[in-house]
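As written, the chains take the letters A, B, C and D, and residue 1 is the first residue of each chain.
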Amino acid sequence: MTNMLYSFTGLILFVFGLFALISCPHPLRKILGGNVMSTGIFLFLVATSYRTDTASIDPVPQAMVLTGIVVSVSITAVALVLATRLQQSANRAMNRREKKNEGGAAEG
Amino acid sequence: MVSAESWIAVPVVVPLAAALLSFLVRRGSLFISLAAAIINVLAAAILVNQFFVSGPAQYAVGGWDPPLGISLRTDGPALIMLVLTGLTGVAISLYAWGYFSFRIDQPARAGRPEKQERFFWPLWMLQLTGLNGLFLSGDIFNIYVTLELIGVSAAGLAALSGKSASITAALRYLLVSLLGSMSYLLGVVFLYKTYGVLDLGLLQKMAGPTPGVIAALAVMSVGLLLKTAIFPMHFWLPPAHANALAPVSAILSGLVVKGSFFLLFRLWFDIFSPALPHTAFSLMGALGAGAILWGGIQALRQQRLKLLIAYSTISQLGYLLIAFPLAFTGGNSQTWSAVLFMASGHACAKIAMFMSAGTIMLHLGHDRIRELAGIRAYLPVTAFAYAAAGVNLMGLPPSGGFIGKWMMLIASLSTHQWLWALVLLAGSFLAVAYVFRVVEQLFVIPPDAPFIERHPRAGLLEWPALILALISLLMGLIAPYPLRLLDTGMAPQVVQVIGG
Amino acid sequence: MDSAMTIILTGFDLLLSATLLWLAWQLLRSTDIFKAIIFFICFGLLMAIAWVRMHAPDVALAEAAIGAGLTGPLFLAALRKMERKQKKERRFDPEEKRDNPDKRWQVRSREASPLMWIVAALTLCFAGLLIRTVWIIPRPLPGLAQQTAAHLGASGVDNAVTAVLLNFRGYDTMLEVMVLLLGAITIWSITHAPFPPRLPDTSPVQKSAVRLLLPLICLTGGYLVWQGAYQTGGAFQGGAVLSAALVLLLISDFLWLPDMHSLPLRMGMVLGPLVFLSMAVLGIITENALLRFPPEQAGAFLLFLEAACAISIGLSLAAFFAGGRPASDLREKPYQTDQPDTEKEGS
Amino acid sequence: MSWENALIVAILMSSFLPGIIIFMLPEKSTGLRTSLNLFGALLKMTLVVIMDLAIYYGRVFHMRLELMEGVELFLNADPLSAMFATLSSVLWLLTTIYAVGYLEGSPNRSHFFGYFSLCVTVTIGIAMAGNLITFLLFYEMLTLATYPLIIHRGTDEALAAGRSYLFYAFGGGGVFLFAVIWLHTLAGPADFTSAGFTPQLIDNDAPVLRFIFLLMIAGVGVKAALVPLHGWLPRAMVAPAPVSALLHAVAVVKAGAFGITRIVLDVYGIKNIIQLGLLPWLMTLSSITIIWGSLRALQQDGLKQRLAYSTVSQISYIALGISLADHRLALIGGLVHLVHQGLMKITLFFCAGNLAETLGIHKISEMAGVGRRLPLTMAAFTIGAMGMIGIPPTIGFVSKWYLCLGGITAHNWWVIVVLVISSLLNGAYFLPIIITAWFGKQQGSWPREKNFGRFETHWMLLAPPLVTALAVIVAGIIANAQFSPLAWVEFVVQEYTR
């Protein structure tokens, strides 16, 4: 019962994240979506091996999830830096353009 | 004493060490990486030799046998890819040496090439680690980790040039790669849920057409197709490959997509072929056909050389997929070994092409196809390398591409699957058209051709490309050796399924 | 089990799942990115509770420290860097971008797009298929629980998760540590840490608070690493806590990354991976297998390994937060994207 | 490695290695390049002659290299290959001398001579191919090796010609590959022995076999310029004269005709092909080509274009002879024309090149009175043209005579009619040229005259056409001598009519 509940929650989280990753235009939102997706998978994985009896819990999925969390934070960080770089150069371009427009308006 | 089996760890450990060292000590990172690449190719040769002596091997990391531990394995497909990355790895390292020293000598680019070179080596070595780890790994979760290693380092490499276009492409590539590996991981979870093991060998013994396996394979395949840039999920590839630095384009187009393709191949043929219905294979073939035609047509329409080459990658990847239905129904057990053979031929050719394009770009400052005429006067070797690599893409004898195409045509005609044969031929014609669009520019020297100064280190740029191009061109003549490797590496069960 | 307890637990499960889903939905659909990130942090904290409920305390700790504790601030820092300085825009908000000349991420009206509906329908079908598959897969197998328990004695640690992570599947972990380092290298290769500083002036109160907190945090990190052998904890959790200390130092102007020398940083970042790799090779030489530890000394080996890794993990995570390499790392002058790209290549 | 194998390898390498070295030579080292070229050509000719003798005395030349299961490279020199190889290597020597003279002082010669050498290597490979795969290998490589020569001038026109050449050649190559593989799946991997054609196969799959035959003929017919696949040939005339000579007489067109011969005689085998009823098709195709080519030649004013269409027409004599393969005399006529046409056509192209290079003449209308300015060249041209028309004692007469005899023994009057009409047409397009050249009056100055001192033109341009013109007559006169082309062809035909 608990297995199923959390498995389904995990899968739905995965699908939410997938939808956001595909359909949202903003990069930060995409990266958030990716994070939700991976969290969903991790939940699904661990929920599968959940037992009420603590002694018979399979530790391998937990180790896998730990690995996964670290990998996912690395990817998130790289993606964020890339997105930041992009937005910064776009901002600069925009500022330049505005400055030029203002200058032109003042002259005209 | 160190046992002979431990050679299997060398292709992972040595590039890894080189990556760490070249990040730590900046001076001489070039030579550290070059040495690692050479040791890597030697290790691959030793592993091939061991394979011929004693057959496929399995190696338990940490002394823990599967299912508890992780195993590394050498078999035909893994070894052929290992040799491929080994050889091309040395060539790419040499090329990158020439490339960066060329750029650093140009004073206009204050400091930027130094930065690029400094980070290129650790990223490239980590990429190599990831690829080798993927080929050798016998554990589906471990493969996930190597996939991420490949994906992140590829994104880092793609972003290295620092231009906005390449940063955009790198971000998109990273997200796509994340999506792909997440799908793969979901499949891993399904498999673990169904069978409770992660080892490929054990899974192969257990796998049957259960819902868990089908679901796992479906999501894994979609993820891997996305990572391999199979039409219609190829959108991310051309900008990423075309905007990167030349050695990086070569790595991405030649090796990185082959990594995820190899995994796809392994899952479909090696592990789960008994579990799959025929329609699944036909679907793969249909995707391949779409890729061949779409990629070819797009390549014909491009105005820039690197974009043309990138689209040709999409087209060529289609061939590898068309082999899926053919190998499944073709009756000839050799068809599927043709796939990897063709993939490696294509890798050599594509790397040579991107290297040539990079050399041309360094000298001319642009890569507009219409303005390439005359370059042969200064870079004859590069022009020839491009053309020779083109022969492989066209699938003319005696190239590796021809051998692959020959086997596929035999398979399709002997089972009366005319459609695949026609698509294969159409793809070849498209390849002729887009290869010669460039070659005709490279082969003529108009009287008013601009004068170009040749860099003293240009040899380092030209010769690796030529050697790889010649390997791809003459691969058909040495076909018996790699094919023997694949033949003996084939698991008996697969022979039975495909052959019978 | 007491039936009342079961009902309470089930109710808790339902509530937790619903909240998680609601939060996820909110964080993905809310109009304001800033709010979305706050939702994400809450989501991470609730996930940590869910992990505890799943009897996975190690994961819970990692999720709290890394998933919510570090990733959230990473997002916030990124958002902050994305803002335009000149304009009054407080934060980068897609809805505000409509009349913006920069079309890069311009939002199309969400409700109107038919493509969006198709994608939504497809993902819904996909979700249905996945759930159906899970439904018909027979009851999950015991997995590798018994195998792990049987070999726990030879692993050198008492905590089964740590045993799997560092010994049975140590190869995975080695590569994973490399992915972390790879992330840091990639970030360094993309840009350098923001220059000049963008932080508001730090108050003296904050400074002294940090001074007090710092030893405590380091101690906690060290304890977590140490404890990993027996109970919940380990290199990742400890490393994450260490990175929190570093982040605190960074944001309170104690350490200014651009001024730091890059070599010690690099040495620290490479230390853990290098120790891991050396131990792996040592395994080949002494024990005839990659990454095999002599069973008697395995405990000591693993502790050493974890300590080294924790330092590197802390540094790498802090590097993620700093968002670039230190400026002193460059012989070149600071990179300026204001100048149009001079390279003809690829334009 | 036996000496036979070594000889085969040496024959291939004698032009391949010089080619590779020439690629690497700097542009300026003319002397070294020329000596390498000539050395390679002479060596190759000597080696081929040695091989001919050995074959004549019953030696077998076999060499195999397995690529994969059922696919192997197989080099096998039989009398037919020896004939083609000898023709190519002799004419290559002459063409090389000519090309050295022709291109003196022009740019990019390393590139040109490099590919020139590769071209002849590949042609010899085609000659010695022992199975369809090997044939295919060299056949495709021939396209690649000739392409840079066709676009050598680098003008837009040359590039367009190159594109059209690629379009035709690779189109044909693709069709041929398809047919080869199809046949492979039906009849299994087979050398040129028609071994896979079991009676059951012919009974069961006759329509498929016919279709494959058509595909194969279409595939090689592109290079042999069968109508309607000839479009590339006149366009490719923008290439320098030595390249035209190479295309028409030494390599490409000849390779196509040789391919038709191989398919009929060796892949299918005369017996099977008669059983399948395919020969009338081939005869119709070749007759149409002969007449159509001659008619088109009549309309051309460009000298090289007229010669090109004449090639279209003349090459199909070979196919015509083969389409009567069950009659020995006709077969001899067809096969011997492979050699004879080469000698005659190369003479004509050499002469056309001399006109263009020395006087800048490209059109027939500009040729009035040129016989007085270039008497030796025009004498050679006249002999070549006589041969084309079929006037005794030239070799052209020998070919046509045997074809006629074959038609008569086969009671096939159609062949005679085609021969007569085409000879009349040959006369109609060659005689006016000869008449204006000798008896016309020069109008104004020549378009672009160059002086070469002692001789009427550069000696390297003059000697090759004179030698071949001499051969055109001598080989006609001594047609019955022991090692004349005709005698060799009789030796070849022995094998197939046994």
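As a convention for this text, a residue touches a chain if its C-beta (ideal position, glycine included) is under 8 Å from a C-beta of that chain, and two chains touch if they have at least 3 such contacts.
All values derive from a computational prediction rather than experimental measurement.
Here the chain at the heart of the structure, going by C-alpha means, is B.
When you average the Cα atoms of each chain and compare centres, the chain farthest from chain D turns out to be C.
Look at where the CA atoms of chain A average out and do the same for chain B: the two points lie 28 Å apart. Between the Cα centres of chain B and chain C there is a gap of 30 Å. Remark: chain A and chain D have CA centroids separated by 68 Å (rounded to whole angstrom).
Between chain C and chain D, the centres computed from C-alpha atoms are 72 Å apart.
Within chain C, the positions touching two or more other chains are listed as 130, 134, 140, 142-144, 148, 168-169, 172, 176, 179, 182-183, 186, 190, 337. Multi-chain contact residues of chain D (touching two or more other chains): none found. Each of residues 14, 18, 27, 31, 48, 60-61, 64, 67, 71, 74-75, 78, 82-83, 85-86, 89 in chain A touches at least two other chains. In terms of inter-chain touching, the protein chains here follow a pattern that is not a line, ring, star or complete graph.
Looking at which chains touch one another, you get A-B, A-C, B-C, B-D. Remark: chain D residues 23, 65-69, 71, 73, 107-108, 111, 133, 136-137, 140-141, 144, 147-148, 151, 154, 158-159, 162-163, 166, 170-171, 173-174, 177-178, 181-182, 184-185 touch chain B in the complex.
For chain A in complex with chain C, the touching residues are 1-9, 11-20, 22-29, 31-33, 35-36, 39, 42-43, 46-52, 54, 56-67, 69-71, 73-78, 80-98.
Within the complex formed with chain B, the chain C residues making contact are 129-130, 133-134, 136-137, 140-144, 147-148, 151, 167-172, 175-176, 178-179, 181-183, 185-186, 188-190, 266-267, 269-270, 273-274, 277, 280-281, 283-285, 287-293, 330-333, 335, 337, 341-347. Those residues of chain A that touch chain B in the shared complex are 14, 18, 21, 27, 30-31, 34, 37-38, 41, 44-45, 48, 60-61, 64, 67-68, 71, 74-75, 78-79, 82-83, 85-86, 89.
The touching residues of chain C, counted against chain A in their complex, run 1, 9-10, 13-14, 17, 20-21, 24-25, 27-28, 33, 36-37, 40, 43, 47, 50-51, 54-56, 58-59, 62-63, 66-67, 70-71, 74-75, 77-79, 81-82, 84, 86, 92, 94, 100-102, 104-108, 116, 119-120, 123-124, 126-127, 130-131, 134-135, 140, 142-145, 148, 160-161, 163-165, 168-169, 172-173, 176, 179-180, 182-184, 186-187, 190-191, 234, 236, 313, 317, 320, 323-324, 337-338.
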